[in-house]
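The two complexes that follow have chain A in common; it is paired with chain B in the first and with chain C in the second.
Then we have the complex of A and B:
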């Protein structure tokens, strides 16, 4: 990646429950020729990279399935930013997502490092989807005081809100020395 | 029973239903419907569901069915019946193996090669496949439901959920209580399984119409090893000093003698108590008296703040005969008290079951208002022993300043 010289690099981790739209979200951000026509449930995790707002992102797209969630903490310590994707139409599992979020905040890899967290209230196009403020209320995000956070309603299929969110994250990333 | 050419018709009511897979473990594979009815029958349907494959007569009406294994390969059907027994159907035949649960069943689940039955006597019992009892757990109140909690995909869990009438759901792994979930209402039904995308979900139906969904936390620890029964707090055990060891040894060597001695002393103590009580009653010192074969009750109270007090006596003859010539007498320190009332020591006739009230006015003549004891005796001419006594602790008196 010769062209990336002189540009910022960032390693981020993307987590969230299964079927919340993590891979779809990344898929939208990838260069057009690399995009997949169909997204299947991720097994384990996938490393993807994309360029956005003059930053080269390396992204750990974690699987959200119950059995793979134990992998998440393995990559927390390397991440400079966290993206947490929520299916805002799945009201029942908001509680599960909240529980996973709480566990993430208790993990030393996140707890001791004030990395910024971006929430995507995904699938906002679906009927009965919760708004981002409703999700922020459910997650009690106002209680987060040790780091920057932001919530963005999104539709990963059409890309609505995705760029805005990533731009916010890019601006919050720690200033890295240029290579 | 020839039903050929006639529509399938059962004139009585069904009591319970269950499915049993025919020859594959898979959830979506072909299965048989098994039902019980009020006619004491267990009916196994063909896989098409429109024909009876087998009908088995049971000794009682089945109310819960559990199945284990596959129908074609030695599967077992357990039927909990209203007579408090669980019958087993194997290879399409009623086997002579019977589990007696000593009460009526309120629920039955098959977990980890044993049958777990909740019964009306607030007991959850587990039986091995061979019919031997494994354990019993006693609940503090009525059991409303029992459900198995089995997860295979994400983690291995084999637990039983027991809902109680006080709104609690207790989770047992084997016989060990793992956790208790508290709800505000009585649970009428519950089901554990996959709900939407979440595998470990428990859907609860409440008596007042509420519906609640609970999901198992991913990192919940349900293993037995971390939930040993008994107090979890570490207890302070003193060091084994020499004295302690000697004492223990002595207790071990002379345990029989020590026990005997203790029993003897206990007997003596009881005898002494009984003797004292009897003498108390006979001598008329107690508020109830049996002196001279009479049965009397005396209740004495004082009223007032001084210097004049009113002593109120309430006398009742509890026997069946009337008592003639009973008198009231007061005993007091003459330098402190002076009796004002007159005529209270006239002989009285006490008729049975009637309350006699008497009021006696007493004046405190001590200049400092000292308090003392006044004793009230009831007696008759037959004996010098009082029939009954009451001790009145008089209060300190207000001093008459005039």
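Then we have the complex of A and C:
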């Protein structure tokens, strides 16, 4: 890999509760020959890379399982962008997701740096899935004023909404690489 | 391994510049540096590699990292997975393996590594697999299994061999998983690839080691054609396995002949390594079976003349071993061995001398001894002891030169050395003294007397006193030694003074002519400042200070000096019980009979001395009639002395025939699993034979309206490690039985907790006894343990006999001894002592179960028989400290090393 010189590189981190579809989402973005036919729960974390809109993304795909959530902060400080994936059909655990989100905002790795945050309201194809506006309301996203954010309804299996979301993120990434 | 060698390459490049830096790395700055460098937004592989190298260097130097530092470093390194630099990635693998991070953390890398394993890069694949097997836990086992399976048939040899190595590591933890892959492993073994063969052979043998037939098959397959194994290492390994199987399995003559022929073939036309291994195996085998080792011997001779030191030394070791069993053969090689005495390498030179000592002729003895004493001070302890042993063998062979040998030993004795070394010299001297002529004995005694003049080891000194006291009556002029002993009384510390006084006392008893003089000396000791010395002196003076020719007094002192022939505890009890009748009729000889208290006959293996004494004892005291009386007395004895055959259910003959054995080697006492009032009263008797555990159940049905039929026993917790070999239902035998075998062949004695389930058919019966119908049912039993104490029978020793037995068992050559310290969890000293006694299930000797609550430590003496035939003696010291808890220090002596090991393993 390595990345050719002309292209932009970005490091992002993907978080969200377990079974929200993080690995599936990345799997959709990866080049066809690297995609997995079967996605299993991630243990710890995985490093993945993909190319989108002339940007080479390298991402930490974090495990969403409870015991691994405390790992997330370890990797915040390197991230130039955050993707937060929500299972929009899992109404029961919306509150849990919100709690995790708040904890993330309090972490110095995120709090002190205005990195853009992209929300995926995933699994929108499921019946009774909440819409993106309902989730934004539940999460009180309107209160976020210190950084850019965006919410996109998605279906990671078919890729609906995924590319759009990533393109938004690509556009919001710092124009010049930090030295 | 590959990753490591790569790492070394990297090291080499780097160290030219940083050599100085590497020696001055400080851990804390390095951790700090790592933190900043690993966390930089843009990873700089070169910098990271440098830091990783330094950390791995420190880890290999044995530097300790705290948990906190480890966590920090580990997380830092996981971030480096972002970069695709191959050198960096390999270092990450090495790092994760070397760091041994916290188990809760390390497996978060699992997904990362699995991804590398799926990739295209062979180097990543092989190394990621190695790391994965290191960090795997039960939950991710399934995915690993898949990956190992695919890599076993990978096109890259490197990946294949790493999957073989990983399987070897995993086998001990998850045997089932690896066993499924036997087919692939076999393919690798026969692939003809050097790298794969060795590992495949190792793995296959590990998997099959419980099954001799399968091993035999593999071995015959591999030996059938010479070209099958191009790899040197694999061939050496194969030779070792062949040796094992020839030594331990029962093979028919043809297979045996085939293997030996193969070994002989290996001697020629092969790399040195292989031919040497074959020669060595043949020599070792010749100790057990009758084979012709001429060719092997020649091959070893060739190795002796080789230019390589390692090979020379190895060949010498084989020669040395051969010299023990086959000195004639080795003496033919004297011409080859002699030049090696002057070899520049001290190890080779001394080994050559040690070998020559075992085979040389009289003429050489002096020269060799002179030469070896020149080398001796530079050698290691084990080696020195080996030399001393050779001298003893030399003495047995060439007793004529005993003067030189004793002089040599004296020289060794006065030189520098540790206690074990000195002890081995002293013991060798004693053996020479006992077995040699009177002249030898006198020389040995004088040598030892000289030694105690200047001996720093108390333990040895007291031992020597005892020896002198025992042996000097057989010399021409015993009075010489008294002076030496008495000198010690004047000059030494209290412990040694006390021992010297005892020695004097013994001599006084044994040599009538010296008695009066010794009494004078003892009287001088009465003013000693130490209590113990004074008391002993007083005791012996009282005992010995009687007018000449007083038979009665002499007999009294015989009671003290010769081994005690009756059990004081028993006598006390007897007296208490029969107090009234004794008082009523003072001269009643029938009631008060000494033979009642005689110690029972010692186990014949214990020592020849004890046996002799026992025989004498029988002659003097017991007529046959009395003998039965004695037995009765003991059976009635409430002290609960168990005799070797416990009141268990004997193994039925039909079962014995079915299993193809005559009788079990050993049976335990029967224990209750349920209580007699339960619906089913179940008892268990264990029998052991050839590593088989035969568990026989006695089921008694307490429900009147039920009849049980076809009862079978099933292992409910089929623990990994135990296979059910046979089940015998209640239809085939009176007692339903289950036969288990441990899959780990190195476990000679099984100790384990099992849970069993009974399955049976219940037949309902009405009041008149008519059968009304039946149904199947199960009945789960409580857990039942086969513990160490099940293998141990009690063996009572008379009061005061324990130390005697302890020393005597040591004199037997097969005797093994171990010392071990354990932390045990008891709240008080009393509980701890009771717990330990209970654990071993042996007889308590010397009344050592009575605990003085105020003291800080307690000495415990236990005696028993292991497996019905091996006497085991245990000395335990239990220390108690409210701050540190309870500590148990045990010394175990037995004729069977396995017994000791089993006993000790179970405490752990």
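Note that in this section the second predicted complex is superposed on the first by the 173 of 179 C-alpha atoms of A that agree within 3 Å, B and C clash if a C-alpha of one lies under 4 Å from a C-alpha of the other, contacts with A are read in each partner's own complex, and residues count from 1 in each chain.
The working rule: a residue touches a chain if its C-beta (ideal position, glycine included) is under 8 Å from a C-beta of that chain, and two chains touch if they have at least 3 such contacts.
On a predicted model such as this, the values are computed, not experimentally measured, just so you know.
Student: Of chain B and chain C, which one contacts the greater number of residues in chain A?
Tutor: C
Student: Have a look at where A:96 lands relative to chain B and chain C in the superposition and call it first, second, both or neither.
Tutor: The first partner, chain B, only.
Student: Check the residue A:40 against both partner chains and state whether it touches chain B (first), chain C (second), both, or neither.
Tutor: So A:40 only meets chain C here.
Student: After overlaying the two complexes on chain A, where does the chain B footprint on chain A coincide with the chain C footprint?
Tutor: none
Student: Show which residues of chain A lie in contact with chain C when the two form their complex.
Tutor: For this pair, the touching residues of chain A are 1-2, 11, 40, 42-48, 58, 60, 63, 68, 71, 74-75, 77-78, 80, 177-178.
Student: Which part of chain C faces chain A closely enough to touch in the complex?
Tutor: Per the touch definition, chain C meets chain A at residues 39, 41-42, 75, 78-79, 81-82, 84, 107-112, 115, 140, 143.
Student: In their shared complex, at which residues does chain B touch chain A?
Tutor: Residue positions touching the partner: 153-154, 195-199, 213, 215, 217-219.
Student: Under the stated contact criterion, what part of chain A meets chain B in this complex?
Tutor: Against chain B, the touching part of chain A is residues 17-19, 66-67, 69-70, 90, 92-93, 95-96, 99-100, 103.
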